[in-house]
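Both complexes shown next keep subunit A, but they swap its partner, so subunit B is in the first and subunit C is in the second.
Right after this comes the complex of A and B.
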């Protein structure tokens, strides 16, 4: 008998996934900033990403949850550009939070090298800040 | 035809950020038997497998899965298939909640010192293992003895907040050198880390 578990993590697990993501995203952002010192973030990517990437899902009950299915395409797009297993672990965690029938958008990465670095830095920053907010919401801070 | 024996006593352990390893019995099986370990993960949304058991491999009834597809928290199912030329025998499907089988590295003690003016006490400071889940509270076991005794005494306590890594060991003898060691476990897990390296410290004079 193949008893695959339910496909949805329980609320307690969602909180743990958010904490693990928070830990990984912080490390990834720090590593990238060290590696790419002097690369400024881009305000227009920021604005565009912020509008496209609402940080929360709209569920009312706790725990608050990150909008996994809109961040996922961005991480899949930048993964080949970053030689870092942390990115794949973030993708694995986001897959756990993805709603079963969620559609996935395609993301194109800037071809210009400098623009590409600014794009990556903006995503990592937005993601890290989003997790900080979700985590503090969940811990009632 | 001689089918392989049904794989049983499946036991799995999750070495955080290192590997997820399962073993099973019978350990001793004919050389021409090999195994496929089928896993579902990501709460049942994904699946893969690992294989073991060709005649040259040493540990033939053990198989491991590796980063980046082993992340906590998660729920796995594991089924072991034994195969030889005559056919396939499948184990029962087993279910594994990663938080209950995670094993971390030991903590690292970096200081055992008296606190100025506080008699019969030393303050122990350590580093939370880097390879321990951020999402899990750690429980600790502290053991200590005087340097010239072989008798260990033990104390249990819990991490109050993420990264909390100080403990005041009180009720000791004055002006005495003590040996201290520490181990930890993720709160819901059954597998304790190994012991840290032993560290020495001396209480203040009376």
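Right after this comes the complex of A and C.
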């Protein structure tokens, strides 16, 4: 069923939110890569997360087609593991784009410490790449 | 004829993987009821196969009837990475039995293997999330399921040189490991086919002995102890910051300090004059202590004087008065007064007081702004000055000279 967002931000506001998210996601990824040297992404999580976290929703047009509802629970799950204020900013921006009564998936974080770092890195990478594509789409829209 | 050597029996070996420890227990059944015998036990430990002996140690102890004996061994290699074999023999260590004394026969080899608990997976790395102190040595090991994998391991992204212990197991010896970050040092291993797994080595700063540990009292009711803690050895979710406890040996009292660089100790009403304090700091890996012995009356640091007032101000004089907090019945305070003019100390005076203080400042310039400040110390056994307290004042204009 098509869930119409009730008080979804205006297209021009969405553009500003996307730019904010793009900056935050890039900084967060760079900070984490610089801090956690020697942690490679995990091919398993990449594939799984790509399927679980499609960048775009199928039923809306740019710029409001970013799939914030599915990225949001992942950022909420990794927030306590990252001592970085950017995460809270991303959560707040994603919240603005979220479909009002979209259900929030339960995210389980790996218990193994090293795997947990790989999981975090993979999410940050996927989200940053997604924002790149959204931004390029928006600038073309 | 020489008595039959008493053979160790019922040897049991258990594993503590986190501590990388083997725990042995055994007994000597053929000991008589009243007998108490000094014995030497020789323990052999082999790795991968019984002929590859890696440790031999003699353990001397006195054995009683039906006593269960215990002995621990810490492995530098994570125990998950190799099968270990243990055996033991004994010899009576009794002067009445002439040399050469003979060993008993060996017990049978006891095998200990953690690898069957590994679960499925192509590659494993151990230890998992080990906590060590900066500067220590650590052995990392990888186990690959099949022989053909040429496993390579990287420390913080840099290839490590490994030692092949057996076709499936490689060991990587790290010496003098540095502290890199609170979230741990990253170690990642891969097989030739892209499978990869990793572990995190949590390196804690070395717990330092507290420096400049000292205590003082402002009022004979509370002792205020301070120290320099050095580095904080806490690691989020892995090791809390080190704890500090104060123990006083004459009273036998101990308190856990809430702060990492100071602690207050309540002085009991009729308590002793001499104090013997031990400040102990502890984390998961180490414990350190420092000790001081002092006489309470020699550690008085008065509270800052208060209520500074200037009276009878004229063109060249002013009387400075101040109040002090009571210390004890017989305490005399020694106070120092400084007069500042144009940013410089222009007069300095000392005075002994019992209760409140006052001092006549003279030879002042008319119509001039000054700042005067006072601090006090214990006159009986000087330890430290209190803080300064000061105030501005101005002298009056000179009275017109008689025409």
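Keep this in mind: the second predicted complex is superposed on the first by the 130 of 141 C-alpha atoms of A that agree within 3 Å, B and C clash if a C-alpha of one lies under 4 Å from a C-alpha of the other, contacts with A are read in each partner's own complex, and residues count from 1 in each chain.
Going forward, a contact is a pair of C-beta atoms (placed from the backbone, for glycine too) under 8 Å apart; a residue touches a chain by one contact, two chains touch by 3 or more.
This structure is a prediction, so every number in the text was calculated from the model and none was measured.
Touch criterion met: A:89 reaches subunit B, while subunit C stays clear of it.
Once the two complexes are laid over each other on the shared chain, residue contacts for A:113 go to subunit C alone; subunit B is not touched. Looking at the shared chain after the overlay, A:37 reaches subunit C, while subunit B stays out of its contact range. Ranked by how many residues of subunit A each touches, subunit B and subunit C are led by B. After overlaying the two complexes on the shared chain, residue contacts for A:11 are found with neither subunit B nor subunit C. Once the two complexes are overlaid on the shared chain, A:22 sits against subunit B while remaining clear of subunit C. Subunit A meets subunit B in the complex at residues 1-9, 13, 15-17, 19-20, 22-23, 85, 88-89, 91-93, 95-96.
Subunit C contributes residues 128-129, 154-158, 181, 183-188, 194, 196-200, 236 to its touches with subunit A in the complex. Touching subunit A in their complex are the following residues of subunit B: 40, 42-46, 67-69, 71-75, 77, 79, 92-93, 95, 99, 133-136. Contact residues of subunit A toward subunit C in the complex are 35-40, 42-43, 83, 112-115, 117-118.
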